[in-house]
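The two complexes that follow have chain A in common; it is paired with chain B in the first and with chain C in the second.
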Partner chain A sequence: MTRSRKMMILFMFLGPTLAAVILLRLWPASMAVLESLYAPRAQTMSLENYAYIFGDPLFQKSILVTLIYSIIVNPLQIAIALALALLLNVSIPLIGLWRTLILLPVAIPQSVSAVVWGIGLRPDGPVNGLLVALGLGEQRFLTSPDQALGSIILIVSWIGIGYWMTFLLAGLQDIPKSLYEAIRIDGANRWQQFRYITLPQLRRTLTFVLVANTVSNFLVFAPVQILTQGGPQGSTNLIMNDIYTRGFVWGDSSSASAATVVLVSLVLLVVVMQFRLMRAPEDNAA
Partner chain B sequence: MTIQPGRLFRIACIVLVSILFFLPVWWVTVSALRPQEEIFKYLSPLSLWTLWPRDASLIYMIELWQGPFATAILNSIYITVVTLVVGLIISAMAGFALAVMNFRFRETIFFVIVVSFLIPFDAIALPLFGILSKANLQNTYTGLILPGIGNGLAVFLFRQFFMGIPKEIREAAQIDGMGWFGIFWRIYLPLSRPAIISAGLILFVFQWQAYLWPLIIAPAPEYKVAAIAIAQFADLYGVNYSLIFSAAFFISLIPMLVLVVFQRYFTASVASTSGKG
Partner chain C sequence: MQFNRIRRGVCAFAVAALASGGFVSAAMAQSVTVNFLSAQNDDVFQPVIDAFEAANPDIDVVHQTVPFDELNTAIETRVARGDGTIDVYAADTPRIPAFASRGYLLNLDDAKDKITGAVPSAVELELVSHGGSVWAYPMWTSTQLMYFNRDLLKAAKLEMPEGGTSARMTWEQVTANAKAAQDAGAEWGVMFQQVDRYYQLQALFESSGAGNGLTGDDLLEPAMNGDKWVETAQWYADIFENGLAPRGVSPSQTDDLFARGKVAYYIAGPWAIAAFNAAEGLDYGVAPHPYFEGGKQVTPTGAWALGINPHADNLEAARKFAEFVTLTAEGSFLTTKNFPLIPVNAGGFEKYGVAIGEMTPKIGPALDIMAHEGMETAVARPRTVGFVAFETEMNRMFSDVRNGADVKQALDDTQSRLTGLLPRQR
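This part shows the complex of A and B:
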């Protein structure tokens, strides 16, 4: 086979994917960087757009909201997902069905979950109906600046917990039973089994779930755009919503690009951390 | 076998939690079957009718399909099917080249492909919008489909799977005079059902869920996808809740069926590829 013919064949196999990589990721990412370096009407590159957004109280607040949201939503989802994985790591009748019921919300597009929960959280909706039946007062949920972010957290958690649980469950089932037997012979109680076997053995899965969860939570958009548009009073203005508002509602693509670069850097930082953490002390137990 | 109280308590917890998670899905289904005025009727105080349709009827589901929603869900199906077919083919071909063909910079190219796809798509949707709208791809199926077809995880899955196929098979085929396309199409692809299913699920979920991208690239009504249509329902029908719930039911039904059927492949493959990165 001639060299050029070989190159042709190789190009036919790899070409479409390479084109997709360049067109759909690398080019737009470099466009964002480039555009973020040109302030409106400026002739030379500068960090003006960055100075502008970081000095903008709206952007400052959106970073603050994103941080508060991340600090609550990630540990919350992972703690519940881990608790459920431990709970469901057992053989009982119909176990597949129970796991599937918890996983099911993942299949529903986020926009649909948002619309449905938006109706569910209305003042006359079923959630308030339930709270009243339990003797608790009605809540305002999405219309209250104090409760709107919590309501978004409830919605994304309903969607995500089953998904993360599934990974953790797979991780739990990979732990060799012999390890538990050994430590039980040494007289370890349930907590010690969890502390000295389960947690260390689950480290890699947990790290993956933590980082992947953090990344996906940084990118939450549909529920915010559909339900609150960042309000009330900016209390749910997560970073993706801020970028969308700048770029498409105000038509300010310069500061939208700068905010995009900030977000992508944040996400890549988290991804790099994932690889670092996962490569840490390799599989101590053989 | 004796049943210990601890085990019984655990079973009760599992059933309760599962039902709690499923409740909103059930509520959507029930609400899709009941008339407008009954949707909020049985909520306070709660009654048996809260979770069971009193006058169940399919008329809302039928009415839904006569409106613009039919276009939206057909658009979603069309876009997702094309994404699946094209995306699977190009990812499998790239995975094949990266797994079995020898060429310079193979590892580097593989690294670049995987790393570039780590840039989250939604975060760069705005600059991509700038690029594709200059190419006049606004309000086109091509514009809607493009972002879904390239997926680093799908390429990765195929490469891993193809590397596991013994090279003796390919050598034998080469001796028989089969070219690379023949080997790919007639030998490797038919062997790779698990990889096709896992990669297919990833591509499917991405495209069926897409919200931000269709929102900006295709605002015209005739290109609306289901995930957008439902969010804008209030304007179209003056908030007809029966129709909203019927739409939610249909949009969710397809991915739920897919998930239930292919669940085991999905969790197994994603856990073993990314979870153990």
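This part shows the complex of A and C:
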């Protein structure tokens, strides 16, 4: 087979993917970067849009809220997903039922979950009804600036935990049983088994889950848009909601583009840091 | 013989060609679809769509509905991006300057005479104009009424509000009575239908003398953190803080609370009459919109118009539909059949008047109130290219205030945000 023929076949297979990547990812991304450099009605490029968003208290707060949210939601979801995966990896009765129940919220669209939780968390809703019945005080949930972000974290986690648990459970089941047998013969207790076998063996799966979870949490939008639109008092104005408001509500697509570039840079920075942190010593040696 | 055969053959061919041509053109004619986007439920426009389709069998109208808060996004994502699959859309009149200046509306100057013929009010024409041109077909106008639940007021031994506009209650009286009604068993004392929307709440600030919140030549400078604004916003915050009105209820859920007999006094548009008449066991009446003691008597106004997407796939059919809905008495009246908002078409209003007038013995003189308010107390929302952004931020502020934010802080934050935001909308 000649070289040119090989290249042709290569392009036939890769062509559609390359075209999709260029058309659906690189082209819109370049357009966003370009648009972010033009202020409204301006004919020349400048950094005015960036100066405007960084001077805007609403945008500053949205970055802060996004960072606080990410710092809480990612470890929380992964810790609970891992705990559930470990629990469901041992043979307990009705294992299929438990797995189904935990995975069930994933099958419900995020918007539907948000609407259901919105009703549940209303000041006169069933969750408060339950709290009162248990002798606890009523909570304001989505209407309180102190509780709204926590409520969004609860809703997003209700959906996300089952999803990430599935990956971790698959990772756990890939760990050879012989490793556990070997360490048990050496007299290791349960904690030591977890520390020296489970965690190192699960590192690649955990890295994937951490990175994918972080990215998806940076891009959380539907529950915020449906339930709080960034309020009360900007307490849930996550950066995706801020970009949406700028671009599609105010019709200010240039500041929305600038905010998008900031978001992508932020996500890239965090993901690169995560990859470095999760790298094993042997990877560094290589 | 040969000639005859040829002639027959030619005739047969011609007939077949004509027939197939006719068939094809009939099929093509049937395939014209007008896509119509609005924020109303299907049942609002179904009567007028049915009548239009019956009169125009070659045009199908497909109504696409989105929630009110999503309509702007739908226009920004579809019409603004050149999508031709939206032909006609409902535009809230204060948004028309922004939409027209961004190129989202077809210029309708050629229909100006037709519009003035069917809609004689100069104010209504002004509401669909921008920069000296006409950009939409005026459809409805609006006002707000105070609904009251007779059973709840009776239980609290309160007088029924009078329907006459000379006996308009003050907010001070309404809140005091609302408290009494609540003490006598009403779940909520007083509520607004559109709890965090500028459209309904502007009247409070105009009544107290605070103003509409915008100033400057192009109305692009915010002016909404003076003492009067703080005082009036605090009054609004207090009805939630004191438990007269519920927190955490969205505008789409409010009608239901009044319809289920849980609210003593309720401020809402005349379109709510359709839902309240259908509510079993609800004994209610209507009275004029309240005002602040010593302040001005002010009511909201303005409503939806129909705009044409300049990139529409079926421009002609789209205009035909929009003109049927807004410029004919029949079409105009049919839009109010399931949604009694006030039509601005002269013929449509006449029919509407008869329908609403028939309800007077039951609910009070709603039509007289509407006619009076339209002439005497109506204050429109500010007309500026920055209105969409201004309205969004005001709605956000109202939401914060009713949920317990510090009023002065919320107003200062909104003022500072709008100071940066509005000049970018020019």
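We adopt the following convention: the second predicted complex is superposed on the first by the 243 of 286 C-alpha atoms of A that agree within 3 Å, B and C clash if a C-alpha of one lies under 4 Å from a C-alpha of the other, contacts with A are read in each partner's own complex, and residues count from 1 in each chain.
The criterion applied here is as follows: a residue touches a chain if its C-beta (ideal position, glycine included) is under 8 Å from a C-beta of that chain, and two chains touch if they have at least 3 such contacts.
Being a predicted model, the structure only gives us computed values, none of them experimental.
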| item | value |
| --- | --- |
| Touching partner for A:Gly230 - first (chain B), second (chain C), both, neither | second |
| Touching partner for A:Asp124 - first (chain B), second (chain C), both, neither | both |
| Chain B versus chain C as contact partner of A:Gly160, first or second or both or neither | neither |
| Larger contact residue set on chain A - chain B or chain C | B |
| First (chain B), second (chain C), both or neither touched by A:Leu58 | second |
| Partner chain(s) touched by A:Pro40 [first = chain B, second = chain C, both, neither] | second |
| Which of chain B and chain C A:Val267 touches, first, second, both or neither | first |
| Which superposed partner A:Gly247 touches (first chain B, second chain C, both, neither) | both |
| First, second, both or neither for A:Gly150, with chain B first and chain C second | neither |
| Contact residues of chain A, present in both the chain B and the chain C interface | 122, 124-125, 244, 247-248 |
| Contacting residues of chain A [partner chain C, same complex] | 39-41, 52, 55-58, 122-125, 140-145, 229-233, 244-245, 247-252, 255 |
| Interface residues, chain B side, partner chain A - complex | 7, 10-11, 13-15, 17-19, 21-22, 24-25, 27-28, 40, 43-46, 50, 90-91, 93-94, 96-98, 101, 103, 109, 112-113, 116-124, 126-128, 130-131, 146-147, 149-150, 152, 155, 179-181, 184, 205, 208-209, 211-212, 215-216, 226-228, 230-231, 233, 241, 244-245, 248, 251-252, 255-256, 258-260, 263, 267-268, 270-271, 274-277 |
| Footprint of chain B on chain A - complex, ascending | 9-10, 12-14, 16-18, 20-21, 23-29, 31-32, 35, 84, 87-88, 90, 92, 95, 97-112, 114-117, 119-120, 122, 124-126, 128-130, 132-133, 158, 161-162, 166-167, 169-171, 204-205, 208-209, 212, 215, 218-219, 221-222, 225-226, 240, 243-244, 247-248, 253, 256-257, 260, 263-264, 267-268, 271, 274-275, 278 |
| Interfacial residue positions of chain C with respect to chain A in the complex | 69, 72-73, 76-77, 80, 98, 102, 246-249, 388-389, 392, 396, 399-400, 403-405, 410, 413, 416-417, 420-421, 424-426 |
